[in-house]
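The same chain A turns up in both complexes below, where it pairs with chain B and then with chain C.
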Partner chain A sequence: MTHDAMIDEWYPVGLFSKLDAGGRKTALMGEPIDVARDAEGNARVTGGNGRPLPVCVRYGHVWSSLGAPQKALFAIPEADQAGRRFVDVGVVRVRCSPLRAVENFLDIAHFPFVHTDILGAEPHTEVQNYKVEIREDEVWATQVKFYQPQAAKSASGGITTEYMYRVPAPTCAVLYKTCPPRPGEWDVITLFVQPLAEDLCDVWPWMALYDDTTTLTDLIHFQQTIFLQDRSILENQIPRLLPLDPGMEIPTRADLTSVAYRRWLKRHDYTYGAQLVAQ
Partner chain B sequence: MKLYDYILSPSCYKVRLMAALTDVKLDIRPVDFHPGAEHRGAALMDLNPAGSIPILEDGDLILTESSAMLVYLAARAAPEWLGSGTTEETARVQQWLSFSNRLTTSLGAARLHEMLLRPGDITELQMHGIAALREVEAGLVEQGVRGMRFLASDRPTVADIACFPYVALAPDGGVSLDPYPAIRLWSRALRSLENFIEMPGIHRLHELKPAPYIEPGGA
Partner chain C sequence: MLPDTTGFWTPVALSADLPAGTVMPARTPAGSIALWRSDSGRTAASADRCPHRGMRLSHGFVRGEALSCIYHGWSYAQAGNCLRIPAHPGLAPPETIRVATQRVEETDGLIWVAVGEPTGHPPRMEGLVPLRSLMAHASVSALEIAAGATADPVGIVWKIEPSQTIRLLLALQEDDQTLIHVMLSDKCSPAQRIAASRAAESLRRAAEALQAKGIAP
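The block that comes next holds the complex of A and B.
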């Protein structure tokens, strides 16, 4: 295997609000790292051999890289819109490939079965037609429509929710969904995944919402509930790594996004956490 | 009756589950346990110096131990959940209520370590967790020999509710439930109770599919 292109990408390594001078010992792609706040209040990330690593602070999190990032962290323009609430949901560790965590987030067919009565319900299990495309070298799925009993904390009854999914980086996904209190705007829910090892990751969900009524704790609990329903499924997926050989799992309509994501990973040589076919 | 609650806490879930099963309405006050550590803040430490949740408040009564909360809910609304009152059964209920703490400090701590990155010696925690699971399995098998399906009685009691959540969530802490057939049957029996509620990681029983229809008289 040649140099994995993922080494030069940005990854979340901690909540900026939780940093302290003592530092947080964690790992990035197998290398132990330390994430701390320095005397000036800036985030500082140190690699295994004491070398300083690139740092950027955005969307509530500290981001770093083991390599040399060629471009700035992807943009989420909604993160600069006034009136939104920004929610640090907090870390959850999952014993699965970082790529699997993203792929599960993109899969809507599991809503009625895993998030029963919250994000989906039987018998409303049908996934309608939607569109998948590569936009400016990101994977996008649009016009995704799904019936949901309680799509957001601010939704009181069942509604048909429209979604857009976006994968701007190999271990990050952004979900846009119709925003019950503000038609015309999208709520933003992200999944930032820190690859600790090829089969172990820390997941940092984050949200930028228009919701003036729900308490912050309720918003956090809602998102943690949903993510924890996924966790046990993620930990039981076989194989552990994400297969990038298209022959290994048979796609259905609901999997279009997953197929596009896998192809996009392969094309970019984003293979940390992937299972490739023997050459 | 106000419950200071965290949606992912198995101890809080015990109280929510007991309230649902005994048809008691709780006023839920969500606590930002993770990532906010609100339970260690001044307001909640005033209420519970141990710095733990759940906390149950009912008028002047403040309870900070989940087993006491289960007993309180049962005594108030559905005394049959306390057991039949025979000497032996009363003792068994107490035995498992106290025992449940061992599940919390082993399987519960393993789960917090594996899931929310809390410190701890994971191998040690999992080992104690497995030892505790074996005791539950053995207890259930012995009850089976006595013709009883639940930990302390032939009907579910507070003892089952005290032990069920941490047992059911053992896989979250990297401890498999595969070797424990009696635990799996018991878990099914509890999950099929009327008014059972779920928490993330503990699923309801999905309706069994109807038996396949076999064409009569085929050769």
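The block that comes next holds the complex of A and C.
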């Protein structure tokens, strides 16, 4: 493993609300780390050799880095909007590359087959053309539309949902989707991925929703159901690492977001969890 | 396994264990395969990896005469060519999208998969019928020692009692595992079939114990 550009990025390492003085032993990119709350109530992250690591607390999570982050954690303006509910979903451990976990989150074509009768259903399998671009060095996909039998916990009956995706960091993605109770607004669902190793990650979804009626338990159950269905895929892809060699897998027009994500990773030398040459 | 100069046949499953309209994972010395049977009853074997996103095809589903990937529903014919990409229903998939396939032959209640390009057909099991398959965490040599018999290219002929001999077909798996297909005479009584099944289980336990103790290589 070479020292690549990903070492200086911020990564989620735990829920701030769950921290206590006892600390939480976890790992970041192969290094054992400890995440704790000190006597003043601040989050502290310590590396394998006892050295203090950079810390910030945002979007319900504690963030840290093994390197020296050059900039602040990416902004999610919706996290400061009044009226939204912020949901710490928890963690799902997945035996796959952190990059594969992100790529799966950016994909809609699997909905009818993996999230059957929830996020998609046959015969509504077609992926309409959508727009992919790089905006201020982030991957953006917009005008993504898909028919969904039950798009959100607050949805009743099938609707065509519109999505926007944003990749502001190599292991983080933000999804904006049609908000059933508030047409014109977007629900925000994020995927924050903690790379434990190149082929093992903890996935921390987080949400900022307009939904005053669904119980917290139901909101969390809904997301856990979805992510556990995704895990059954992610742990059975070959190879475990995300291939950046274009000859290794075959994309189609529906995969434009993934193509842009892979190119963006390659251009930035974000290769922790990637397979560069076909084996 | 009958090696010849160009390849050989390996027994991967009992016909009875692969009903119509299903897919299962299987293994040959050449790698993992998705073994499936179409609704009309035709068996086929393909590489266990969808070329789109690398998902295991053995987790997929069979509809009609095609095997579909569980991830995005891409479906493949017996010959390995991609038939349909559900995200683009109007698109005829190009010929270049395909999965590697292996020849399959089904005789005497067994499904055989070609490794390489064997010139002939799988060996026949005259007068024998399959009973069951079991996976042993033991090598072929551990099984030979446990059975007190030497394996020939088609497995081990094993006398379980003076009046009853059975044949064990052996298919090498990864991590020192061996898949055993138990074959016995088509004239066996139900009591003899039960005895053969129990004998095979005892043999597996004995071979696994030898392997665990490091007695067998």
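As a convention for this text, the second predicted complex is superposed on the first by the 275 of 279 C-alpha atoms of A that agree within 3 Å, B and C clash if a C-alpha of one lies under 4 Å from a C-alpha of the other, contacts with A are read in each partner's own complex, and residues count from 1 in each chain.
Just so we're on the same page, a contact is a pair of C-beta atoms (placed from the backbone, for glycine too) under 8 Å apart; a residue touches a chain by one contact, two chains touch by 3 or more.
These figures come from a predicted structure and were not determined experimentally.
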Contacts of A:Ala79 with chain B and chain C, given as first, second, both or neither: neither
Chain B versus chain C as contact partner of A:Val127, first or second or both or neither: second
Touching partner for A:Gly90 - first (chain B), second (chain C), both, neither: first
Which superposed partner A:Ile238 touches (first chain B, second chain C, both, neither): second
Partner chain(s) touched by A:Val57 [first = chain B, second = chain C, both, neither]: neither
Which of chain B and chain C A:Ile220 touches, first, second, both or neither: first
On chain A, positions contacted by chain B and by chain C: 232
Residues on chain C engaged by chain A in the complex (per definition of touch): 48-49, 51-56, 59, 69-73, 85-89, 91, 97
Chain B contact footprint on chain A (complex, rising order): 15, 18, 88-93, 95, 116, 202, 215-218, 220-221, 224-229, 231-232, 235
Complex contact set, residues of chain B against chain A: 6-8, 30-32, 34-36, 38, 114-117, 171-172, 174, 200-201, 204
Touch list for chain A against partner chain C, complex: 109-110, 112-114, 122, 125-127, 232-233, 236-239, 243, 248-254
